[in-house]
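One chain, subunit A, appears in both complexes that follow, with subunit B as partner in the first and subunit C in the second.
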Partner chain A sequence: MAKTPEFEIPPFRTELENPALVEGAMAHCQPFIAAPEHNTDLGFPGELVDNWEMKAVEKLGDLLNKNRALRVYLDSCVKCGACTDKCHYFIGTGDPKNMPVARQDLLRSVYRRYFTLAGKIAPGLVGAKDMTKDVLDDWYKYFHQCSQCRRCAVFCPYGIDTAEISMAARDIMDHIGLGTKYNNEILGKVHKIGNNLGLPENALINTMEGLEEDVEDETGITVRFPVDKKGADVLLVTPSADFFAEPHVDGLIGYAKVFHQAGINWTVSSHASEAANFAMFIGSYEQMHKVAQRIRQAALDLGVKRVIFGECGHAWRVAYSFLNTLAGPWDFLDPKYPKPQHILEVTYDLIQRGAINLDASANDDKVLTFHDSCNVARATRMGDVEGGQFIIPREVIKASVNKFVDMNPDTTHEKTFCCGGGGGLLTDDLMELRIKGALPRMEALKDVVDNHGVTHMAAICAICKSQFAKVMPYYGFPMDMIVSVHQLVSDAILLGTKE
Partner chain B sequence: MAYEVNGKSFESDEEGYLIDIGSWNEELADLIAKDEEIDMTDEHWEVVNFLREYYNEYQIAPAVRVLVKAVKKKLGADKGSNKYLYELFPYGPAKQACKIAGLPKPTGCV
Partner chain C sequence: MSGLTLAYALAFYFAVVVLVVGVAFKIGQFWTTPTPLKIPLMPAPMTRKGVGFRLAREVIYFESLFKSNKWIWIFAVLFHAGLVLVVLRHLRYFTEPVWFWVVLVQPFGIYAGFAMVAGLLGLWARRFVVDRIRYISSLSDHLMLALLTLIGVSGLMMKYVARTDIIALKAFCLGLVRFDLQPLPSDPVLLLHMGLVALLMIVFPFSKLLHVPGVFFSPSRNQVDDAREKRHLAPWAAKLDTQSKI
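This part shows the complex of A and B:
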């Protein structure tokens, strides 16, 4: 924490009551607008175009034709109220426009005005609104106060997915020249350099060599961290934060130790040195496709047989749910393995088969809990049983640590709360939103800290890890309380002891 | 936005990161540090100078771990920790120290 924040950190609630409504509480909060070059690098207009009102409506029409689900979401809300108190940003800010239904209505009102008969004839009666500057301003603010975590959709009796609505709104805004600096600058870096960080090949190689030295210093064992190794069996695609940030890099060391101990011949690619695909956050299928193609290219160039994803939440959604349509067919990969596979599936399988051995007492100084990352929890699976995405990370943690406690079940599994920084909002210009949005997770954490002596929380998403490291101190928790799951594996794995 | 040093103006982005990294000088670094409520000590300068050296070679700031290792080498084992770097740069060594060093902000999930 540098400067004292100019806003109040929300206090922990005693009865988990709903916040008092404060109209416009977050009306001042919006991310930096992209510079023209950030937009044009992605093929979007540099600045707000002439006649943007009609162009926005046209784009909405285009999306409605392509995406039937979007039309259903916009048509089917009955205002039952089930979603209203389910959003972490609403809970943390009390701004009624952060109720999922109100957020949806920002787009729904425009949809009704231009695409429904009632809205065309009697807009005032059906909550239909013209596409005006005020509406656009609200879109820019409040569709960037949605982390697309989809918790509200779990509780909606109609299954309306606010994330899809927020993605559509962001896509429309990009198409009229109103993008965010954070997301669009990052996507530009992926196209130019290969990752979100802008980490060039020589820096990547230097970083990986440094990790080799560190592990050798610590363990006396040479564990390789290969880059662009042709003929490797496995291409590891991991978030670039794993090369750069704490505690992410400790997770990367864990993956490398697992591969080493299991005798798996692996590499990362400098061309596809990024698992993240921020194009999902801005709702751009074209960009998502372009980013995903880098992985296909790298897999072909290196001649690998398997593709494995590191700890990254939304990347696993893109990989698990969309990779085949975005960058398939993957017929050149080994059919014996899932295409693609998650690093946790790999580690779990090796543990089950006794191919790696873990000494959980190495982590006896810790009591762990686990934060389910929203995209993994609500949009993917791991392994071949229902709920595997909840079971496998916990089983890997329990194999690495003796003491594990789950948080309140209303805040885990499919009901997990977002860390507060997902969906393209992990930027300093949204710090107030990020801190306030972390409230429900911080409350659940406080409960297990106070009542069960939890010392650490593990996560499997680069955004979650960075977000928690940044916001936890505001709630009285040390920043190093957040750890990577493979950091625990790294501490517990027995190297060089194979039978 | 812009910084003013000795009547000369240095353009920065919305968050105070210098636009032209080549225009950086030590007086400017002092001014940026002041804006960040940091009093530059020799230890701060060691970090800032290392960041600039690394950037010149690799066109990116070093990973936190690399920075910790370098600080350990230069300032001693007791100071070779992420925690110590946060004591120097409370908003995070990567972002705050980069700003003072006139380097672009690391982007992505960091």
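This part shows the complex of A and C:
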């Protein structure tokens, strides 16, 4: 049942060998350029400005003074090659510019030319380059073939994080009027309507009412799905895909059942009806700040005591690592709980305390594996021990399902591979890249399917779920093989057994 | 005093000044540039002490490189560990009487010289043999390896092929330290060795050798995992807060 697109699906490798270098293999691949209004809505110039070469260099100088990571990473690389075979896009495409160091060098060569003595005196010697149209074209293509998953950084002796460099490059491009349609249009919707999908308030309320009816029909129990409920204890901030897309919505039903069963008084907000913060993808602190402030506003308006995030990878990064910075201090929330908290931390804690009952045999038709989402794995934590982000989702799955198998350890935990659609690349105009970039994860999945009878893969990220549902059929897996962790909880939870 | 002695003495004083001032400037730049966000690579230590251990593991045995690629790791350890011992061994030229532990290091320093050159040749070979690394290597990467290899080989040559007047050399080195210049032996291998070392010191602050201070300033490795507990805010970012405070 594999689909046939106009490019070749990379074959599964037998020995996980590195691909042969094919220069320019992905030089034709780039996302749609933003229309002027997508850029101007965010305060960026509509189109490539006059004098963009100079403006780009100026913006790079600005970022160098604002971000230590960028400066240290541009100065410290020794070209040792440790990262060269670690990127899923390189593995899937063989394009040498998808090797992390080569991708970084697209920006580093310009940094050297304008900001280092060696690059000013002897550009040819140190690989320094002028800011030209060719360089800009390469930036636009290859900084949009990075999903900012940080896998390369794990293997770098200096922790050089290509994500930081691609974020800087995208920020520079936005500042000279070269943005992507996908990301900038979505950010505009967040500012105007409150979520990435442009789902207005009344549609949100209708959807949530519909879910309430569905669950009642199915279980005979009234599980509430409140919107804008003042005085609720908990504000749930979740990716908008959870409101209707499959398999995301099954996860949302799972959260609601958990809250119901634990007697937690919760609500979502129509003002902040989106956990995602795509401003991270475009590397704009200012935009990220603005998007994050919605959540603070919603929490204050509704008078909640806790903020809990749904299953979403980069959103959890922004929530866990950045929210205190961007929209804190959160001193008006209940100090007994982490600020903010992940839904899995909540569910895990309830399971530990025996506050909810799960019957794992409800999922006996399934054998599960778990895809560690890149942002959760390498940029956040859950719980109060190092590595809790690996333990807690697995423990919740194991409490909900009897049969669980982990994939090849070189592809899980902090070494996990990106799904291939992260970092603002989850758009149909990049389908070839997304399919090829999924190769390493698909190989690891194939292994546990063939050898351990795995039937389903759980994920805790809206982008992972959408990406896998779309690309798995190209590799011969059914699209409904990808499930939310809370979908498993939803199936296993025994409603009405606790009061 | 010969012109040669004076030229080398001045070159070394110049090199030391460039190295110290240049590296101090870069460290100052790294130090004063703010970190707008918490970006530790997880799982990350939850205490400062834990971060100290993490950095120590990176600096002492190249933990991440070990995870990444065993060949690069072996060559890198051979070179760096060799270099450390060789540098310690050279302290005997600058101290009188020679410190006790520097005496102990002497025999190991010789093996270390070979290890260092072997490591460099291994790393250099990879730049030709492995197509991925060939692709990312620029001329300066080759020249840096050539410089270091020549320093190592010329040093070993003075031990095994063309020995130099070590007593006179030590007098010259001590003279440099004491600002009382003594004649430098004019053996070509020694002059090459010392000239290249001075050159290495001069290019240090302008090259990828900045990975030496850089490894300590990498936010992905030196930050504590405490974002939910402690609010982290860069001064320039704090201004955005006051503009839009809810």
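Keep in mind that, in the parts below, the second predicted complex is superposed on the first by the 494 of 499 C-alpha atoms of A that agree within 3 Å, B and C clash if a C-alpha of one lies under 4 Å from a C-alpha of the other, contacts with A are read in each partner's own complex, and residues count from 1 in each chain.
Operating definition for what follows: a residue touches a chain if its C-beta (ideal position, glycine included) is under 8 Å from a C-beta of that chain, and two chains touch if they have at least 3 such contacts.
Not measured: the values here are computed from a predicted model.
Taken together through their common subunit A, the two structures put subunit B and subunit C side by side without a clash.
Of the two partner chains, subunit B is the only one that A:S466 touches; subunit C does not reach it. In the superposed model, A:K86 makes contact with subunit C only, not with subunit B.
The superposition places the C-alpha centres of subunit B and subunit C at an angle of 150 degrees about the C-alpha centre of subunit A, rounded in steps of 10. In the superposition on chain A, A:N65 contacts subunit C only, with no contact to subunit B. By the document's definition of touching, of the two partners only subunit B reaches A:N206; subunit C does not.
With both structures placed on the common chain, the touch criterion links A:A276 to subunit B but leaves subunit C unconnected.
Counting the residues of subunit A that each partner touches, subunit B and subunit C differ, and the larger count belongs to C. Using the contact criterion defined above for the overlaid structures, shared-chain residue A:L333 touches neither subunit B nor subunit C, since it reaches no partner.
When the two complexes are overlaid on their common chain A, residue A:G127 makes contact with subunit C while staying clear of subunit B.
Of the two partner chains placed around the shared chain by superposition, neither subunit B nor subunit C is touched by A:I435. Closest CA pair between subunit B and subunit C after superposition: 23 Å apart. Subunit A uses no single residue to touch subunit B in one structure and subunit C in the other. Listed in rising order, the residues of subunit A touching subunit B in the complex are 1-3, 32, 181-182, 185-186, 189, 195-200, 202-203, 206-207, 210-211, 214, 239-241, 243-246, 248-249, 276, 312, 426, 428-429, 462-463, 465-466, 470, 479-480.
Of all the residues in subunit C, the ones that touch subunit A in their complex are 26, 29-30, 33-39, 41-46, 58, 62, 64-65, 67-69, 72, 76, 123, 126, 130-133, 135-141, 143, 206-208, 210-211, 214-215, 217-221, 225, 227-228, 230-234, 236-237, 240-241, 244, 246.
For subunit A in complex with subunit C, the residues that touch the partner chain are 18, 20-21, 64-69, 71-73, 75-86, 96, 99, 101-102, 105, 116-118, 124-127, 150, 153-161, 164, 285-286, 289-290, 293, 296-297, 300, 320-322, 324-325, 328-329, 338-340, 377-381, 386-387, 389-390, 414. Within the complex formed with subunit A, the residues of subunit B that make contact are 14-15, 36-37, 58-60, 63-66, 69, 82-83, 86, 90-92, 94-96, 104, 106-110.
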